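The structure is given below, and queries will be raised subsequently.
In this document, chain identifiers A, B, C and D correspond to the written order of the chains, with residue numbering beginning at 1 in each.
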């Protein structure tokens, strides 16, 4: 056991894990986090707290994580390479660890020009792979990157992102392998809509045996309308939304209902793919729907059967 | 006044037009008041022979080193003024003009015209004052030899034309032997006969040197004395010449897209493949929808003649049959060949038999069934490499881009390099021959004189100011600027055509221009605006 | 070479407000080539300023000059005569040039007429693209000859982020993804294996993290004895 | 009023000549300066003309894709567009500067251009520098 986190336990036990995303508020009040925590408690094994998502200043992911811990939920803090240099990253990890945070997702972060403060200077002292290397050394060797010893090493369960929908496609599995080599224990993927491409990617992952070295949680996102789908397709780089999905939402009587239904079907299909050890639900500004999705997808049973490997 | 300049002003008696829009005497007095001017004279019709003599006489007598001609538009008169200048012992370009007729007398009412005339004459004086003698050589020797590059009719005709004008020609061909390429289509049988005779005569013409199985691999030198490197059986052969004519061969083929092979179409009765559609080719390799050529009509006729019960259809956006081609077209219609005017590139569906989805100009969308689909294709394989080597750009059709705008259709941006365009007109042999003759006559114009004019209104780099930024090299349409051995730009005078684009562009203001220097343009504007502020 | 661009004309006017005797100083080096501060641009700016001054009663007296390289003391010292009586020099050189003018003429305000942007190359006539970040620790041998430090918007060293799509960067469809280019370059070179290696955190010390960088070539520096024998005045 | 017309030595000059030969009348306030090609002109010349008090400046070259010097007219147009921007920034209306393309037989169009520039100065008023004198 590397960190002893709930997520790690669930995954190591071979259960199908569920993580869900919570966007910290643009607010000095933790009210909305507490509200989401109460709604979603028991419907996921751990909850991601985004780090200045889409490059907009929000409540810090570590502070939000602490709020969540107080509510009895397990957090996964996300940490971008955009906003911190290696010193800040390491000190924040030590602090977060002291406050009880065990799961960290290492990511590059959206470029600052997407946000509401385009003029900001980015950092990118490290990239997300180097970030993993640094955290792994802290945990396994009890040292900061330069080699100086830590009194107490942080017990961490290290996560990384993977985007099977970005280019060059052939390189995407190589990049996953690098992340695994750098120290990733689990992977949360970009939202999957193009199931066919994801399956192609998974087969390449399996061919390299990576599915046995890292827990892959497949990302899903419920869509509220075909307009959202079109936006993701056309405006968000590294997203592929098939026309079939857009059509379904467009033709639906109740597009929101349809969006949930599509998401549920996706989860069910993903569950059948070898090497997928769980799902990561990104219900952006729609967190209240997570329990419904989990229930409908039939993965709400938090009691685990130890004989099933990632069912 | 610039040191040691002395300006004479010659006012033509007709400068104000026949009716005299202004008082020439007053104008003369005005000009004479300029401290820059040595003398002013009114010359009776300066372009007449007596006027010319008088002008020469005056210039000599007053020992001026430059002069201003205030007369009608200099447009066509400049050669005359050059002569006057030379005869007076001055630099042939040592004059400036004031266009008092077209830009003043003819366009303004008289009191205004008189005032304007003064301004124009002052402007010319100011410009003349700043005139700097340009490098100028009007008798630069030219290598009296032409190189013609290409196989086939155009190259042959160009070579023959030049040889007949007494010019030695190197005809540089890719092919091994010298054979009459059979695939030319003539409108006119007499022309065909003559062309055949020409090509035969060419092979034994004493002035024509055939360089066969050869590839041009290098090109350098300056207009009037080029050097070619020709590779032949692994050896490099240098060839010197004063002019180059590019005349690559255009290969025209009929390519089968569906069904029976071309050979079978033309040789025997069609068994299957009775419904034949002939399409025009597009630029590049795909199917096009442009002009149906006379050649395609001929091809259709041959198919029809071989197999009377076949259905032959020609498709294209335009049915263009120029000159006597009109008769071919009519003949083909009589034979029952169908012409379909299409608006868009047809879509082929299925194999033989296939369906062509076409947009008929009058009937709208049509589905035409065909057993055989043939496309006319043309390719000039040598053209792109010649384009690169000689710096003659290609147009969108893949043809040479020439200076057509100057009514000199086979002149190129490279002075001394002439090009026969291969995709002209109806692609009939006569069109090609016209191109070849045109190129040959331009080359002959340069070579028979034996000398060429160089310099004058050219651009020149001041090396100490040059940043070697390459802006001039990249912008010049004529390839005149190069980075010289000293690492600074220099302008090859023989190539410079005096447009001044580089002068206006140079970020270091390192390029000066004779005849239109910054100072001269500035002075003209200043005079024109005198007293306005 | 160094790429820069002129500040907007209105900004130049605002910079010069309150000054009277102005020298617009250009440079024949990089900024001439990137069409920002060569003699022609100096002429355009100077003439524009004169026109602006005349129209707005500013009474500026605008002189113009262009030197070989504004970053070199010897060339800047040639301006001694031209700077006499001036109260502002509008430098159309890069930031290096403007600073060297200021250091040699401490009594005159040197105003930057350009925004110095980057180290790059002309891609075609009139198009200049950043190519090198001057990070002081070159990795081009690992990246197929394409610099990820400046050509990747996130300076990533271990491959493209999830925003790379169709060869374009997530920040704009006009920006090529450097890592996509690197991938294809290494593919052509048959060295995709290089992408499998983990590149550890970069040493930024030779970059800006070490304060102003200084490179000393001992064999080129004059020794104290040489200086004494040359009678060099420093 | 004073308007400077920089005209290329090819189509534009011929069109101006033809206008003369056709007896088309235009304002004597317009003064033409001959250029080897419109592409010869640079912005500095234009700015200096305005500083000397020109009320308007126009440039005329050959028709696009029909330039005697291949693309000198296009180069000129780009530069004049830049110059218009500078004039606007200076506070002298960029409309005082125009670039035209002419064919050598367009004598009437030449007159139209000249008349249009005269009318434009009438609308915009004179160059403030000229009025002050």
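Everything that follows uses one rule, which is that contacts are C-beta pairs under 8 Å (C-beta built on N, C-alpha and C of every residue); 3 or more make two chains touch, one makes a residue touch a chain.
The structure presented is a predicted model; accordingly, all values stated were derived computationally and were not measured.
Q: Can you list the groups of chains that still touch once chain C is no longer counted?
A: Once chain C drops out of the picture, we get A | B, D.
Q: Per the contact rule at the top, check every chain pair and give me the one with the most C-beta pairs in contact.
A: Ranked by C-beta contact count, first place goes to B-D.
Q: What chain lies closest to the overall centre, CA atoms only?
A: If we average C-alpha coordinates per chain, C lands closest to the whole-structure average.
Q: Roughly how far is chain C from chain D, centre to centre by C-alpha average, rounded to an integer in Å?
A: 37
Q: Calculate how many whole Å lie between the centre of chain B and the centre of chain C, each centre taken as the average of the chain's C-alpha atoms.
A: Chain B and chain C have C-alpha centres separated by 43 Å.
Q: Report the inter-centroid distance (CA atoms only) between chain A and chain C in whole Å.
A: Centre separation, chain A to chain C: 41 Å.
Q: Can you check how far apart chain A and chain D are, centre to centre, with Cα atoms defining each centre and the answer in Å?
A: Measuring from centre to centre gives 64 Å for this pair.
Q: Considering chain D alone, which of its residues make contact with at least two other chains?
A: Residues 42, 44, 48, 129 of chain D each touch two or more of the other chains.
Q: Which residues belonging to chain C are in contact with no fewer than two other chains?
A: Within chain C, residues 40, 43 contact more than one other chain.
Q: Hey, what residues on chain B touch two or more of the other chains?
A: 475
Q: Spell out all pairs of chains that touch, sorted by label.
A: Listed in label order, the chain pairs in contact are A-C, B-C, B-D, C-D.
Q: Quick one: in the complex, what on chain C touches chain B?
A: Residue positions touching the partner: 28-29, 32-33, 35, 38-41, 43, 66, 122, 124-125.
Q: Quick one: which bits of chain B touch chain D in the complex? Just the residue numbers, please.
A: That would be residues 73, 75, 99, 101-109, 112-113, 115-116, 119-120, 123, 403, 405-406, 413, 457, 475, 477, 497-501, 503-505, 513, 515-516, 518, 521-522, 524-526, 528-529, 531-533 of chain B.
Q: Using the touch definition from the top, list the residues of chain D that touch chain C in their complex.
A: 42-44, 47-48, 50-51, 86, 89-92, 128-129
Q: Which bits of chain B are touching chain C when the two form their complex?
A: Contacts found on chain B: 465, 467, 469-471, 474-475, 506-510.
Q: Which chain C residues qualify as touching chain A in the complex?
A: Per the stated touch rule, the residues are 153-171, 177, 180, 183-184, 192, 195-196, 198-202, 204.
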